[in-house]
Amino acid sequence: MVKKYTSMAYANADDMLFGNSKFPVKAGLGLEIGAGYTTPELNYAPRPQAGKSKEKLIKEYERITTDAMARMVQIGAPSIVLETEHVEQMTNNPEWGGAVAHAQKTIMEEYHDEYGIKCALRHTVGDIREDRDYLKLTGDKFDLLMESFEQVAKNGADLLSVESMGGKEVFDYSILRNDTAGILFGIGVLGSMDMETVWSGVADIAKKTGTVAAGDTDCAQANTAMFIAGGLLDKNLAHTIAIVARAISAGRSLCAYEAGATGPGKDCGYENTIIKSISGVPIAQEGKTSTCAHSDVMGNLTMQCCDLWSNESVEYHGEFGGTSVQCWSESLAYDCSLMNVALKTGKAKDLRDMFTLSDKYRDPQGYVLAYDNAYRVGEAIAKDGNDNYLRAKNAAVECCNIVEEGVASGKLKLTRFEINALTKVKEDLAALTDDSDKFMSDCLTKYKEEVAVFLPENYGL
Amino acid sequence: MLDLKLEDIDGILVRYNVALEKEMTPDEAAEELYPKDELIYPIAKAIYEGEEDDVIDGLKAAIDAGKDPIALINESLMVGMSVVSQLYDEGIIFLPNVMMSADAMLEGIEFCKTQTSEVPEPKGKIVCHVAEGDVHDIGKNIVAALLRASGYEVVDLGRDCPVDEVIEAVEKEKPLMVTGTALMTTTMYAFKEINDKLLEKGIKLPFACGGGAVNQDFVSQYDLGVYGEEASDAVKIANFIVENGSEIEKLREEFHKH
Amino acid sequence: MVKKYTSMAYANADDMLFGNSKFPVKAGLGLEIGAGYTTPELNYAPRPQAGKSKEKLIKEYERITTDAMARMVQIGAPSIVLETEHVEQMTNNPEWGGAVAHAQKTIMEEYHDEYGIKCALRHTVGDIREDRDYLKLTGDKFDLLMESFEQVAKNGADLLSVESMGGKEVFDYSILRNDTAGILFGIGVLGSMDMETVWSGVADIAKKTGTVAAGDTDCAQANTAMFIAGGLLDKNLAHTIAIVARAISAGRSLCAYEAGATGPGKDCGYENTIIKSISGVPIAQEGKTSTCAHSDVMGNLTMQCCDLWSNESVEYHGEFGGTSVQCWSESLAYDCSLMNVALKTGKAKDLRDMFTLSDKYRDPQGYVLAYDNAYRVGEAIAKDGNDNYLRAKNAAVECCNIVEEGVASGKLKLTRFEINALTKVKEDLAALTDDSDKFMSDCLTKYKEEVAVFLPENYGL
Amino acid sequence: MLDLKLEDIDGILVRYNVALEKEMTPDEAAEELYPKDELIYPIAKAIYEGEEDDVIDGLKAAIDAGKDPIALINESLMVGMSVVSQLYDEGIIFLPNVMMSADAMLEGIEFCKTQTSEVPEPKGKIVCHVAEGDVHDIGKNIVAALLRASGYEVVDLGRDCPVDEVIEAVEKEKPLMVTGTALMTTTMYAFKEINDKLLEKGIKLPFACGGGAVNQDFVSQYDLGVYGEEASDAVKIANFIVENGSEIEKLREEFHKH
């Protein structure tokens, strides 16, 4: 059922481009993603008080939807995707999520009918599979998650996503301790296993409901590492370690497509360029126009191969220029307009390269995610594509090599601290076994002991 | 310089206004809405066209044919104007046309008044102002123009209007509603003060508020507030009051997004 | 004293480019504007309560300044300009404005010393020259305005600006009545006269204090027209009329540089590309990354020749990604990074053209402001550069011609309504005299009568 | 693909962290800070290096030479740790080093306790939690780790912690302060509830709050709140309380930006 990727979708890194994917995805009302143009993807969060009741929440999303659609039409944007990331109540009560999807889609249909604007609705359900202290990945909570998917799919959502959390308990423990094996185990092994289960489920529901199983992101781990690493002057985590976690996460998030998802991958999956190189699915990305949600050190670079371009998330509130969702959707739409002009004038590869160069030397993370290097990480994964552990380890090793080459070129300048951290990871990786079974049993023993909240039964172990 | 091919433009932007423009020209759309009565038709049409002289000519002809000058205000001038308002609401004609039609209508009313000693029953008086400290008055000007165009008598207190002047005007003019415009987050709090002072004096009337800085959540915070997004909402609110009374709850039910 | 422009700074439209001006301007701490790179310009508004006292206001601006500088350093941005648009109290009490400038500059100096970040501070004083009902352009209020400039200049402001309002009373009356002569008289004649007075004053102060007389914008008139015109579906003013007002405004805002200002022009002067073509001064612009402040239909196009790139203004408040000033300054900085990469890789003209093409056919306003057409409007102005009236009229006529050519090419599609409005303006213009004196006396008679609040003595008439 | 020339990169981005990295290596910087005493120096250095065995060896040697085991906690372990904290504050070393040093220090303390029947005077107890409904706990974990590293005893209530559990823990543990972390605007309101319930019970103690969603303006709204931006602020707040008492006003004066 799960067919692993063992080769690359693109023959060369240079074939990868924004607005173009090997396997475009049709969704919603007239939209095709990755079919030669980029589309803004707006995400928003209801105001705190709005979660009080189902009715209030629906009204809030109705206002958000109308505001955004109206603005798109006012500025002449040809297409838009709306992404609703569930607040916990919407997933825990599947009929809430369904009702919101229905209300939003009704408005989107009106706009589509009146103006012909191409649009689609993504619902990203919350991964509610946890108790206060423990992950509860299987059983009742899993069933509830699937029911939530089914409800939103039946009621109007076109694209189904989730930010799943498998492996996070081990990862959280390891990342603050520079524990390379733990990071690899948490993301690359446990995370991948959970992904296969979740996404087989979502793919079935998508098939049944005629919707699109879109994709996941390693928010819970690789993004956590990225945020702890922070800006250039933060000192909680070496950026060289954050990028190793990211490289590992590509193998993990790839599992969604191996289980039947077709993209577009989630915006905050900074691993998506790597995934696109292997799988050819369209991807969403975020960066310089998602500063409302977080800061990063690769604001332009992430546009290099995006098919949807997202603001990650903005709280609904007023600004001088309208409501926050109007402001951000407009900014995104102009970014897309620029990319679409490049595509039509034959300048797209130049623009792509400019996006990349803006941030390639800004940080080791940008350096490795630059599409040429991302492609190499992709190759490292595909090489041992059938083995979740080995491909994750390959990705980590290749990542270290790439950073070292960057340093050697003189263009990527690292601090001593970052270099030392990199050296340590490299040594750690070199010391690891090539035998997946041995790695699994070693880690099981170790982390059962060290991480109080790690329950192997979550992974059927 | 680089250029786009004609056929590529649509993938980058859509001129929804062009795409949407009705098949019908504004003139044709208006034609469908004029009253059929032979005497009324030319007046309504002259209003739509903003031709003051034709309005007067039409009125003269109608009066000569025995129509009552005062009745003509409602039956021809207002009817012509409502054609204009409807076309504006539907996006078929634009504001400057409305303003020219309104000028023609006001001249027409003046003319009718000279033809009789009766005094026309006014549709209602409305006090308009821009919040204290705020000089942005174009939105208010549009509001006032559209209200006048709909037959309301407008008492325009201008911009940067002190709270107390608004209160005095309300006490003096006894309008059916007040409107407030604020474009700056720093000035809109004056609306709350106006609200409080009115209530202190036991005056309860709808206080329609709008302008760039203002939003529904803010306006909902004080008892008399009714929020309107576009200038034309002010007219709709006034009409609603004339037809259904001035209960704030009902107005909010009708005009607030929920 | 005032030397009018009668020729073009650039031999060809194609020589104009973002990040490059004929006459770069050094300002502040290590910054040079228009000297081969672009720089973000962040503008912000204090929260409503912050204006209560001088102390509160200063604290607010200190927080804003620190937040922004810190974020720039975190993402590795090489330079930034901060623009403080005065709230009314700061201009009316010149020592308030001075104290704010001082507080901000102190923080900026700390950052410059520690990190070497290039930066400068613009203060845009409020044009407080009015009573409740009337403009009061001369006398006491004028002196107060000049004192405010002096105070901010002495206390740390590097760039001096104002959004002056001369001519606005006649313009406000005319714009809602499609009165072409009134628009021309308000902006092109009265506005220009007032500009010459104000900017001679500012240039003197700049010279005296060793600061830069930066520039003005026709916010009060051309922007008002643009905002009334609104989005594609608004119906309060034809966009073809808005662009005629804009073309006229170029001659008016140019007066600042004729009176001794050197740029960078103000962000919201959408007429600035025209002005740059004539004068060669560096310019600030805003667009897709100023959606926090307003919506427009040329979000990318305005980047085509910008030297500073601005968010116009954002209220200081929290977002998920930090404070609003951090979010927007970061987005701006990445936009600039992209432009700077283009400049270094020899792709800048391609990128410029892509910016332009994104919006050239989106709206008649973008069409005329596209740098090739803007250059033509510039030529029309320079041709009769010595005569404020004639050059304004030329600009308006050329603007109409350009739009008509666009329509004829089939690429710029207008609604019937826009075409009719254009036809009317063209007829109106054709009917106007070529004699400035006659125009002046006709208009004086007409508008003294029709516009109750028009006081000729404001213009020494 | 396109590329930038080496000399062009600086015009596009500045790696301020590289530009700023101190001439001195972290080891050299630490060397300058160690106490000179021959017996203390190796312990402090072992703490800095996170070498648990060396810490124990050093402690043994000092005790053999006649030092008091309990006094050694403050005079060597804490001193070593304060070198680490200072270097972290100055951006010279990073969090993982701090965490490894803290582990070494905690082992050292345990060892000292085994060498005597005296009980060391604890520096103070602190209750940490993540707001109810919120699963984002990494910030809280860092806060707890840094507090432990500074010698505080941490009672960690974990994430998604019900309001009442916080109250109970405060009543039971009598900490010198509570910390709260919230990353979502929807969960941070729990802090107000905690504040109110504490005050209802007559308990007044500093409630240090932080985390992505939280800002100073919000925290200023409830009486016990003290805002901290970075995890290390929690340590500074605790230290300030130890030295200057727990008056909220004073704490805000010190830690809030004005």
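Order as written gives the chain letters A, B, C and D; numbering starts at 1 within each chain.
Simple rule for what comes next: a residue touches a chain if its C-beta (ideal position, glycine included) is under 8 Å from a C-beta of that chain, and two chains touch if they have at least 3 such contacts.
None of these values were measured; they are calculated from a predicted model.
Our note on geometry: chain A versus chain C, Cα centroid distance of 40 Å, whole angstroms.
Taking each chain's centre as the average of its CA atoms, chain A and chain D sit 32 Å apart. Centres computed as Cα averages put chain A at a distance of 49 Å from chain B.
Chain centres here are Cα averages; for chain B and chain D they lie 63 Å apart. Chain contacts: chain A has residues 45, 73, 76, 232-233, 315, 320, 337, 340-341, 345, 347, 350, 353-354, 357-359, 362 touching two or more partner chains. Contact of a single residue of chain D with at least two other chains is seen at positions 2-4, 12-13, 15-16, 20, 185. Taken as a contact graph, the chains fit none of the simple arrangements: neither line, ring, star nor complete graph. Chain pairs that touch one another are A-B, A-C, A-D, B-C, C-D. On the side of chain C, the complex with chain B involves touching residues 13-14, 45, 47-48, 51, 87-88, 130, 132-133, 172, 176-178, 224, 228, 232-233, 235-238, 315, 349-350, 353-354, 356-362, 371-372, 410-411, 413-417. Contact residues of chain A toward chain B in the complex are 36-37, 59, 63, 66, 73, 76-78, 114-117, 318, 320, 337, 340-341, 344-345, 347. Against chain A, in their complex, chain D makes its touches with residues 1-4, 6, 9, 12-13, 15-18, 20-21, 25-26, 88, 91, 93-96, 99-100, 133, 135, 137-138, 141-142, 145, 158-161, 185-186, 189, 231.
Interface residues of chain A, counted against chain C in their complex, comprise 45, 71, 73-76, 230-234, 287-295, 297, 299-300, 313-315, 319-322, 326-328, 330-331, 333-335, 337-338, 340-342, 345, 347, 350-351, 353-355, 357-359, 362-363.
Within the complex, the chain D residues that touch chain C are 2-5, 8, 10-16, 19-20, 185, 212-213, 215, 217, 257-258.
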